Amino acid sequence: MLKVENINVYYGSIHAIKGVSFDVNKGEIVTLIGANGAGKSTILNTVSGLLKSKTGSVTFLGNTISGIVPHKIVTRGLAQVPEGRRVFLNMTVEENLEMGAFTRKSSELRDSIDDVYERFPRLKERRKQIAGTLSGGEQQMLAMGRALMSKPELLMLDEPSMGLAPLLVEQIFDIIKELNALGTTILLVEQNAQMALSIADRGYVLETGRIVTSAKASDLLNNDAVKKAYLGG
Amino acid sequence: MSLVISQLINGLQSGSIYALVALGYSMVYGIIMLLNFAHGDIIMVGAYVAWLAMVHLALSPILAIILAIIACTLLGVIIEKVAYTPLRSSPRLSLLITAIGISFLLENLAQLIFKADAKRVPPLITGPSINIAGQYVDFTAIITIVVSVISMILLTFLVRKTKMGKAMRAVSEDMVTAQLMGINLNSTISFTFAVGSALAGIGSILYCCTYPQASPTMGSMLGLKAFVAAVLGGIGSLPGAMIGGFCIGLAEAFVSAVGLSVWKDGVVFAILIIVLIFKPTGILGKVINEKV
Amino acid sequence: MKNNEKIIPMPLRYLINIVLFVVFLLVMNNLIVSGTIPKYYAGVISFIGVNIILAVSLNIATGYLGQLPLGHAGFMAIGAYTSALIMKAASGSATIFPFALIAGGLIAALFGLIIGIPALRLKGDYLAILTLGFGEIIRVILLNIDNVLGFTLTNGAAGLQKIPKTTNFLITFIMVGITCYVIHTMMKSRHGRAILSIRENEIASESCGINTTYYKTLGFVVSAFFAGIAGGLYAGNIGILSPSAFNFMKSIEILVMVVLGGMGSMFGSVLSATVLTALPEALRRFEDYRMVVYSLVLVIVMIFKPSGLMGTYDFSLNGLLDKLILKFRGNHTEKGAMPQEKKGEAAVRKKEGKLK
Amino acid sequence: MSKYKKEPVKLVPVPSPNIIPERDIDKTPILEVSHLGIDFGGLTAVDDFNMAIGRTEIAGLIGPNGAGKTTVFNLLTKVYQPTRGTIMLDGRDTAGMNTIQVNKMGIARTFQNIRLFKDLTVLDNVLIGLHNEMDYHLPSAVLRLPSYWRAERIAKERALELLSIFDMQDMAYAKAGSLPYGAQRRLEIVRALGTNPALLLLDEPAAGMNPSETAELMENISKIRDTFQIAIMLIEHDMNLVMGICEGICVLNYGKVIAKGSPEDIQASPQVIEAYLGKKKEDN
Amino acid sequence: FAACGDKNTTGDPDSEESKPPVDDTASDETIKVAIIGCHTGQNAQYGLGVLNGAQLYIDQINASGGINGKQIKVIAYDNKSDNQEAINAFNRAVDEGITALIGDVISANTIAVVGEAYPLNMPMITPSATAAAVTYDDETDTVYSNVFRTCFIDPFQGEKMANYANEKLGAKTAAIIYETGNDYAVGVKDAFIETCKKLGIEIVDEEGYATGDVDFMSQLTTINSKNPDVVFCPNYYQDNGLIITQARKAGIKATFIGSDGMNGVKGYASAADLEGTVYCSGYAPGVTEAVKAFDEAYAAKFKTEPNMFAATAYDAAMVLCNALQIAEEAGLKTGSDEYKQAVIDAIRDKSADLECITSSGYTFDERNNPVKNAFIMKLVGGDEVYVETY
C-alpha cells in the first residue's frame, strides 16, 4: 500500500534520514521505533509531503506521491496525526473536528462527530471550549479524534500516547486496533515501544536516520538488543 | 443640531472608506499575520486604472469600475505569489519589510509612469443627494456607507460559513496542520489576497468618487489610517475593522468640529492609545490567553 | 561547537578593539580634515554614523526585545529638538554640545519610559500601532506647541532653523563607538540576556524570576536614549529641523535598516545602515530610477535572505584574530564557524569589529 | 526575599542515595497548600486542593487528563491567581505575589509544552536561570568592572556544573531549539535548577522519552534531590517513574483530590485504579 | 595575516563603495550649474517644474552657443524633499565643481542647503523657496548675500491677498483652511491674519488639516456655519481642488482666495465650483509675447503646460546665466572665489534689464528678495485668467 524507497532528507546541512526504505501493506499495523531524534517524525513528514526527499520515491496505492503537495496526498486517503498534537488552538473542539473532515462531504459530518464524542466523552463535555485551553491530554484526544474524522485509508500516528493517562493510553491503543480491524492501515510511531509492538504486525527500528532492524513485531519484542535499548528491559 | 448631524455624516462617510480599506487589511492579516503595507498602494493602482480607463480609453464608468477592480485583484494575487509566497516560513518582520518594499516600489513606479501630478478622476458614480433629517447627504456618501456595510456582512458570512472560510481560518492558525487536513494552502491564501485586493479595488472606486484624485502617494496615508482603524477595531476581526474605520472617521470629524482641527491627528492617535491601554486587543479583538 | 574558544584573554580583547577604533577615528578624521576625503563623502559618512546609531538603538527594541516599534523617529525628534534648542541657547558653543546631546538622549529616554509603561500591556501589532501613534503625536505636538505656549519654541511647520552645526565626523563616530559599546556590553550581561529571554518566551522568562516589566521598560528606555542622541547629532549635522522630517516614514526607514541587516545582529544593523544610506547616494546618477531600485533591492534581499543580510551573526574582530592565531599554530579548527568575508564591507566591519 | 532562599549547594557526588522518607518529619514542610481552587468561567478546574510537601521530599501529582494537575502548578507559580485558598511556601503566605516573586522565594518549574529560549544557546538558557544569582548592576556591566567579570565567571562555572548533571556540558554552545526533544526537557530542568529553588516543579518530565531514557531520568531526579537537598514535585503519566521515585503521591480527578499516600497505597486504591490506572496496571 | 591585511591597511574603504566615477572631463569648456530639488516624492511636481523650467532656458542658451562659447552643464540631483539628502546632493555637486546652484525647491531644504552654501559663498537662486528665512537670518540679522530668489516670500502673498480681499472683494469676514505641516501655508496664513487684523477683517474660523488629508468636510462644515465672506486657502493646488469641491458640497458660497500655490487648480475641481476663485501668482500664462513663447517652448518640450515654478525657474536660469556671462566676460577663472563673487554681484545689480517671464527684470531688496508685482488670477469658466497686476 505504502512503499518508501531510499529516501534521504536534509534539514539544511543536517542529513536527518539516510537512505530509508520500508513498506506498509494493506491492513497492517506497522510501527517505527527509535530513540529521540532518530528521525521518525521526519519520515512521517516526508511521506505526507511536508518535507521533500532528495532521492528515492514514495508510492501510495500504486501511485508515486513524492513531490506532490500535502493536501493532494490527504485527498488520496492518507492522514497524519502530527507530533505535538497541533490542534487549532483558537478554534473550539467541535470546529477542530470539523476541520478534520475538510475533504469530506458536510452531510457525513454529524455522524462522524458523534462517533468521536462517543469514543472521547471528555471532548463532548468540552465541545465549545477553545482548544488552546484544553489540557495536554485533552488536546491529544482531540488530535486523534480529528484524524478519525477524515476516514483515511492509511493513518499515520506520531506518538499518539504522549502525555496521556495510563487508562487513556490503553484506550488509544484499543482504538488503533479497532480502526485497523475496520480496515484502516496504520503506520505508528511510538516511544512506548512495548505497547506499540504488542499491537503491531511488523516493526522497524530506526537509529540516527537509518533503519537498523526490521522484523515481525513479536520478534522485536523478544530481541535482546531492542529490549535493552527501547523497552527499558 | 443640524451641524452635529452633518458632522456625523461627514464622519460616517470618511469612516466608511477607512472601514472598507481596513476590511482588506484585516482579511490579509487574518490569514498570514501580515500588515500588508502594499494594500493602500493597490488602491492607488486602482485609482490610476480607473483614470486611465475613463480618460485615455474613454470607457464608460461601469467598465472603468470593473477594470479597476479586476486590476487590483490581479495585482494583489501577483504580489502575493511573487513577493510573499517565498517568505512564508520566514520571520514575520521580514515579510513586513517585503510589504513595505512592495509599497515603495508601487509608489515609485507610479511616479515614474504617471509623474508626480495628481490626476483628476472623472465622476464614476453619480446620483441625487438624499435628504436625511433635513440634511442633504451626497449620493456617493450613501453608496460608500452601504457598500462597506454590505462588504463587511458578506465577508463575515464568507469566513464564518463557507468551506473556503473554514480553510482560511485553519490556514491562519497553522499552515502545516491545515495542509494535513487536506486544505490547499496556496489557493486559500491566493483567494484571500484576491478578496482583499478586490476590496481595495472597490475602495479605490469609492475613494475616487469622493476625492476624485489619483496620485502616487495617495495610498500611504489612506493605508496608514485604515491600518490604525483595523487595529483599533481589533485586527483580524471583520466587524472590528468596520467599527474601527467608523470610529476613526467620526473621531476626526468631531475633533475638527470642536475646533481642534490642527490637533486632529494627534487627538485621533491619543484616542487610539487610550482605547488600547484599556482594551489591549482593540475594540473587538479577542483576548487569547496562552495556556501554560 | 568549538567556536567559543577564546584565545586572546578578555580584557585584552577590549583593549585591542578600543585601540584599533581610536586609530580608525584618528586616521579617518585626519583624512577628512585634510580634505583627502571630499566634503560630500565626509557628509555622507556622518549621516551614515547617525543612521548607525538609529538602527543599532532600534535593534534593542526590535531585535533583542522582539517588539515592533514604529515610532522611533519620535524619540529621534525629541532628542534633536532638545539638543538643538540647547545649542541655539548656547549659541553654538562646542563645549556645550556633548551635554546638549546627552540632554537630548535623556529627554528622549524619559519619553521612552512614558511610552514604555502602557506599551507593556500590549503585544505584537498592537504595540506597533501604539508606538506609531505616539510618534505621530510627538510630531503633531512639535508642529503646534507654539500656539499653546504662546511663544516660539519649536517654530511650528517651518521648524528650528540655523542650528549651530557643531557635529563633525569625530563626534559622530565617537558616539557611534559609545553606542555600540554600551549596547554590546549591556547585551552581553545578565541584563541583556534577560532582555533576550523576553523575546524568546515571556512566560518562561518570568518563571526564571526575571522582572519582565522592568527589562522591557529598560529596553525601551535605552533604545529611546540612543535615538535621542542620534537626533542631536542629526540636528547638529543638518542645521534645520522640521517636524515633517520625523514622520512615520522615517521610523519605517530605520526599521528597514534593522530588519535588512538581520534582527538581533548589531553588525547587521551597522552594515545595513551603511548600505541603505549609501545606496541612494550611489544611485544619484540614475535620478528617476533610484527609488525604484532602492525598493527593489529591499524586496529582493528579503526574498532571498529573509533573515537579513547577517541573520543573527555578529562579527567579532577578536574572533577573527583568534582564528588567525589558531591557523598560525597550525591548529585548524572546523570550518564554517565564520561566514566568508566579502570585499567592500571592510570599512563597516572595521568600525564594528573594534567594538567587540 | 532572598533570606528565604537556600544557600547554593556545591555539587558533590553523593554516594548511593539512601532514602529516608521520615527525614523531613520534624521540620516544617516547604510547601503547604490549603483549600486551593480556581474557576475558569463556569469551569472549576481545581477545587479544595490540600497538600504539604517535606523539605526534601519527592512528591508526585497524578490524575487523568484534564484533571487539573498543570493548573495546580500554574497556581503554585502564580501564572494563574487562585480563586480561593492559600499557598504557604516555607511558612510564608504567597498571596498577592506574582510569578517572579514566587520564583525568587524558591519555586522553579518546567513546562508541559516545552518553553525554552529556543534561539539562544544552551549555556545562555542556564545563565538566564541564574539571572538572580548574579548581582552586578547595569553600569558595572557596561563598564566591565571586576564585579561583572567575577559574577559572570562564577555563573558560567555554575551553569556548566549544572549541565553536567545531565552530561550536557558538551552541548553548551548549541542552540537550545536544535536539541532533540529529550535533551530539551532536561535543559528545562537545568534552567529551573539555576534559579536555586527550594521546590522544583516538573510537568511531565518524561513525556516523549522511551523507557530507557526514562529510567535514566529517574536516577537523575533522585540525584538532584540528594545533592541539592530540595523538594521536588512532579506530574507524570509514566507509572514506573512515579511509583519508582515518589515518596508521596497525590491523585487528582476533576480538580479534586481523590487519594493521597505512598505509592503502595495509591496502587492499591480502588478509586485510583478506576479513575486513572486501569486494571492492567495491577499485574505490573 | 596576509588574508586580512588588505582590509586593515586601507584608510577609507567607505568612500570607495559609493564613489561615483569621477568626471574627469571637467575643463574650462563647460560651466557647471546644479539644479537640486525634490524630483520624486510628495512635492515632486514643484521640483520637476523647477528642473524643467531651468533646463529649458539653459538648453536654449546652449543651443545659441552657450556663454562665451562655453556650454552650461546641468547637474541635476533629487532630494526627495529631505533635508539630509538636500545637503548631500549639494555637497556632491560642489565636489563635482559647480559654479552656481538653481534651487533648492522646498523652503526647508533650501534653508538646509543655505547652511552649506553660505560659507562657500556659492551663488544660489531659488525659484520657489518662499520662506523669509531663506535669505535672511533674523536672529543674527544677517543677510545671506549669496542667496537670491525669483519667487515671492510668504508674508508678501499673505499681505497681498488680505489687502485684495479688503479692497477689491469688500470682505468683512474671512475663514482660513490650511495645511498645518506645510511651512509655506503657515507662513502665508500668518501674514494674512496679521494684515486682516490691521484692516479690520474678522477671521471667523481657522481650520487646519494634516499633510496627505483628502477629507476636509468636517472643517468645511464648521466654516460654513460661520458664513464668512471669503475663504483663504494658502495651500497647494491639488489640495485646494479637493477643498473647493468639498466646500461647495458643504454649502459654502463664499469666494475662495489663495496664494500662488493655487496656481494649477483648474484641473482639480469643476469649473462651476471654482468660479470666482482668485489668487495671486508670480506667473500669468500668455500675458506677454515672451511668456507666450515660453509657454509654447515648454509645452513642446515637456508635453505639459508649465506651472508657476517652471516660470520662476526659467527666470532664475536667465538671471543666473546673465550673471555668469558677466563674470565670464570679466575674464575670471570659472569657479574661483572672485568669479563667484562676481556672479553674485551681477545677479544683484545687473538683472534689472532682463526680459523675464514673471517680472520685467529683477531688482532685489536689501534682503535679496525680488521686488516684483503679483498677478491676480481669477477662475473664470474653468480657466485661470489674468485679471490685473496688483
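A, B, C, D and E label the chains in the order they appear, each numbered from 1.
Note that in this section contacts are C-beta pairs under 8 Å (C-beta built on N, C-alpha and C of every residue); 3 or more make two chains touch, one makes a residue touch a chain.
The structure displayed is predicted, hence computed values, not measured ones.
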item: Shortest contact path, chain D to chain E, counted in steps; value: 2
item: Smallest number of contact steps required from chain B to reach chain E; value: 1
item: Most remote chain, CA-based centroid, reference being chain B; value: D
item: Selected pair, greater C-beta contact count between C-E and A-B; value: C-E
item: Distance between chain centroids, defined by C-alpha means - chain A, chain D (Å); value: 31
item: Computed distance of Cα centres, chain D from chain B, in Å; value: 49
item: Between chain E and chain A, distance of the C-alpha-averaged centres to the nearest whole Å; value: 72
item: Of all residues in chain A, the ones touching two or more other chains; value: 133-134
item: Two or more partner chains touched - positions in chain C; value: 140, 144, 203, 288, 291
item: Chain B: positions in contact with at least two other chains; value: 108, 111, 220, 262, 265, 290, 292
item: Touching residues on chain C, where the partner in the complex is chain B; value: 62, 68, 118, 121-123, 125-126, 128-130, 132-134, 136-137, 140-141, 144, 147, 203, 248-249, 252, 255-256, 259-260, 263, 288-289, 291-292, 294-296, 298-299, 302-303, 306-308
item: Chain C to chain E touching residues, read off their complex; value: 27-28, 31, 36-41, 43-45, 47-48, 140, 143-144, 156-159, 161-162, 165, 234, 237-240, 242-245, 274, 278, 280-282, 284-285, 287-288, 290-291, 320, 324, 341, 344, 346-350
item: In the complex with chain B, residue positions of chain E that touch it; value: 40-45, 48, 180, 207-215, 217-219, 221-222, 225, 238, 241-242, 245, 249-250, 267-268, 304
item: Chain C-facing residues of chain E, complex; value: 1, 3-4, 6-8, 10-20, 39-40, 76-78, 80, 82-85, 87-89, 91-92, 94-95, 107-108, 111-112, 115, 131, 133, 137, 139-140, 180-183, 185-187, 210-211
item: Residues on chain B engaged by chain A in the complex (per definition of touch); value: 163, 166-167, 169-170, 173-174, 176-186, 286, 288-291
